[in-house]
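Working notes for the structure below.
We call the chains A, B and C, going by the order they appear; numbering starts again at 1 in every chain.
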Amino acid sequence: DDRLVHDGEFIVDGKIFGLPEARVYTEDYSGPPVVGGYLTAVPNLAELDYEGNRTHEVRMDVIAQQIEVAPGKFYNAWTFGGSVPGPTLHVREGDRVVFTMKNRSDEPVVITEPVAGGSPFFAQVQANPIQNNQPAVSPMPHSMDFHSGTVAANDKWQTIPPGATIQFNWVANYPGVYMYHCGTPSVLMHTAQGQYGAVVVSPKEGFPTEADREYVLVQSEFYLTEDEYSGGYRYDHAAAMARDPSQVTFNGHVNALHDAPLRANAGERVRLYVLNAGPSGTSSFHVIGAIFDRVWYEGNVENEWRGMQTVLLGASNGAVMDFIVPEQGSYKIVDHEFADAERGAAGTLVAGPR
Amino acid sequence: DDRLVHDGEFIVDGKIFGLPEARVYTEDYSGPPVVGGYLTAVPNLAELDYEGNRTHEVRMDVIAQQIEVAPGKFYNAWTFGGSVPGPTLHVREGDRVVFTMKNRSDEPVVITEPVAGGSPFFAQVQANPIQNNQPAVSPMPHSMDFHSGTVAANDKWQTIPPGATIQFNWVANYPGVYMYHCGTPSVLMHTAQGQYGAVVVSPKEGFPTEADREYVLVQSEFYLTEDEYSGGYRYDHAAAMARDPSQVTFNGHVNALHDAPLRANAGERVRLYVLNAGPSGTSSFHVIGAIFDRVWYEGNVENEWRGMQTVLLGASNGAVMDFIVPEQGSYKIVDHEFADAERGAAGTLVAGPR
Amino acid sequence: DDRLVHDGEFIVDGKIFGLPEARVYTEDYSGPPVVGGYLTAVPNLAELDYEGNRTHEVRMDVIAQQIEVAPGKFYNAWTFGGSVPGPTLHVREGDRVVFTMKNRSDEPVVITEPVAGGSPFFAQVQANPIQNNQPAVSPMPHSMDFHSGTVAANDKWQTIPPGATIQFNWVANYPGVYMYHCGTPSVLMHTAQGQYGAVVVSPKEGFPTEADREYVLVQSEFYLTEDEYSGGYRYDHAAAMARDPSQVTFNGHVNALHDAPLRANAGERVRLYVLNAGPSGTSSFHVIGAIFDRVWYEGNVENEWRGMQTVLLGASNGAVMDFIVPEQGSYKIVDHEFADAERGAAGTLVAGPR
């Protein structure tokens, strides 16, 4: 039983703290950069097909990857697992995660070919290859900071050089919709380059309503400028400092939720797990034509709001939002800060008949 | 009984969905552009002088209108009903609205002369003509999106050309302070041009406190630049994209709540219905000298906060805020984001003796 | 018993309103600019070593002061008591404050030498002299606006010229973490120049958890540009209007919480009293490696959230935030709007072993 406290760990209010030190080492690994059954590509969320708590062995390697964030606009992203946002991890409150990450930023890694083992993530990326992922190389120190974990940041979130691997534990002490990201300075740069994603920690006792559909949406800003050398784009630090994004997207591409809209039927309850990854902006999250029946702020079932037209999320706030699909038709999803919607923070839900 | 479900409608958790399709047609109408007894000019709110639920027949036509947002600063606004913000609609949770809108953007409509029929809106605009409304013509496709409605956005919120009329139903399924606005792309442009206003849906069972005074405040940004042709101003899309407003106002003019301050007496409970219409900015809403005794976030009585100095509203968030007037004197109302207050997001409440 | 209503005062819902008029006068005072036992320098919070309610006699004089906000970056700040942010006042819900303020902006006042009488504030500034305070002169009208007070703003918050003194009462009707600031136009300028600080009003019945450590953090933006005359820096109004800060700090210096980190031990419950003073920006407040076990929005014990990774604060919002220190190590504290963290909105908590 992983809920047992290991040597040196301690419990406060039912939460486990004092986890073992991170281990940094080198390994001879060239397998899939994403390993774990509960890791999916946005907007998918893995089903928790087990009862109670368990330990998850999860790998997300750092790799550079050329991706598109708008038609024809590609840049060399720094990523977890090869997509921006990275894979979504789903666990249950109380679960333990044994996390492994190799910094493979110096190695061209292909994520668009079938992998044995690995994770549902790959097949889902391949089914919806909107970022047109291509291997790239960009050697750089990196790190991993899970907002879902409660640990000494200087230990678990430490930076490792290209070629190194880090392994550490974290325990999902609090339910929520969390951000993970690289915490290596300049953090503004590392996150704007693409190193972030979502962890969903479902509450032990579940939510008071039952959803018919569940989707994950990660909002984020890109700060890109033309790159005369590559013919593509590159990160623009001055624009990032000025909060002047070139694109704001849901799920990493201005058309991600237009080319592959979310699906539901009239009368169904749709549950959105929304993370605003920033790196700097807020999101005034809204579904045109719908009202959120329930909102759990930060994804914690104890923080419930009712009847919300719009949910304001700070940089690295999450929320779970339920709405009833009113009728057959199509519904736009937007950041109602329209200067951001205009930059791409928009998607579509298509509803079939009841 | 309008709560009866019409053919094809269905109920989920006591809410009515699956409303009849919108009807788009042409009509020979040149009557008042605002029709309905429960439509008022800001900061007024109509009294709900009926018990239970009813059906409201409401008209707000789209008209172009030259208005001022600061002394001498006029531009050709796109409006609902001729003012910016447009009329405030007040209904009760569970009410049904049969809404009609003619796109009369190609027709100079006068709103400053007495109208027979129509709505209390006109007399209230004429009593406080701070925007100095003048008829204008600016033919353009437009649409209407009520955040208070739960409907298929592609149907009810569809765009209609100049000369066309649209009619549709919506049901006030959730109490709240809601935004309505034009949803025609560029939505940033159409809203910044002036096409927005508030709907107040009062909760069925009312609020737990009783207010002595009630006022509606709509905050919004304007993005205007000098127009060499007209000698006035015009919408500046680059400024809107850069989130660099020329004015931020309460109720559509930098002096709206200074020239005609809100009124109350010491010891009274004042209730504000506040909408932040954006189109892009947040509001850190504050009354200088007061603390909000109760705040209902989004205007939903189930989302109660106590003892708030400042209420942060995202773009298209609303709230109901109660405060006790501490003593005789005057109280400024501000967006405490002082760069916005400096641009005009300020007003005054004048309190008489107890 | 100060809870007795004085002549002319009245009670609504247990709160006291209708306080006596402010008194403006001249006095021959050149004593310590900060007087009161419950006034401290950030991040300290005074202990409330009394039961029930009392009356506090509090002085915070306005003085100009040359301070540094980053290594070598000094400017002539306008301050309450000589530091930016000014002293933190701690009282209990129901307490009365008799506040006195002399506008000594025309007088060079030294705050870095031992003072007889005065307040714990001085010794704390001298123990951590990171702003390198130097007396300065900058004669200017000023005022004081306590968000914790419920009074006629035109009376108590009135502007007084250099040399004048104002005295008024306010009663801590609502618990919370409040901003105080100068309210003299341009308020954007007066606050950006340094005139703000925090008041903590602890709830009568306390919080449901018991904290092992308590710290006060005030976030604020500076808008400075090089000043060719002084060789230092000066306030840049255009940058303030454009929301383009030169620094964003916790407790008034980019290194305030690095050079003198917050301290705690693994397993302890740390309570942060956080105020976002703006003057314009929001804060997405986050502790790297921790999750907030409890958050009381605006510092009011009735507004409780659980399990928050990040707390979004508008301009002049406050909050009380508890977290358990997970293990020995170090934890960065940031505004997770990384463009602001990059400008200095970062600090450190160092945790010892359990």
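Assume a residue touches a chain if its C-beta (ideal position, glycine included) is under 8 Å from a C-beta of that chain, and two chains touch if they have at least 3 such contacts.
What you see is a predicted model; the values in this text were computed from it and never measured.
Novice: Subunit C and subunit B are one sequence twice: same or different residues at the contact, by the over-half rule?
Specialist: different
Novice: Fitting the CA atoms of subunit A to subunit B, what rotation angle results, rounded to the nearest 5 degrees?
Specialist: 120
Novice: Between subunit B and subunit C, what distance separates the C-alpha centroids? Give it in angstrom.
Specialist: Subunit B and subunit C have C-alpha centres separated by 36 Å.
Novice: Residues touching two or more other chains, restricted to subunit C: which are they?
Specialist: In subunit C, the residues touching two or more other chains are 282, 312.
Novice: Which stretch or stretches of subunit B touch subunit C in the complex?
Specialist: Residues 244, 266-267, 269, 282-284, 286, 288-291, 293, 305-312, 324-332, 336-343, 351, 354 of subunit B touch subunit C in their complex.
Novice: What residues of subunit A sit close enough to touch subunit C in their complex?
Specialist: Listed in rising order, the residues are 10, 12-13, 15, 17-19, 145, 147-157, 173-176, 178-179, 183, 186-188, 191-192, 240-243, 278-282, 297-298, 300, 302-303, 312-318.
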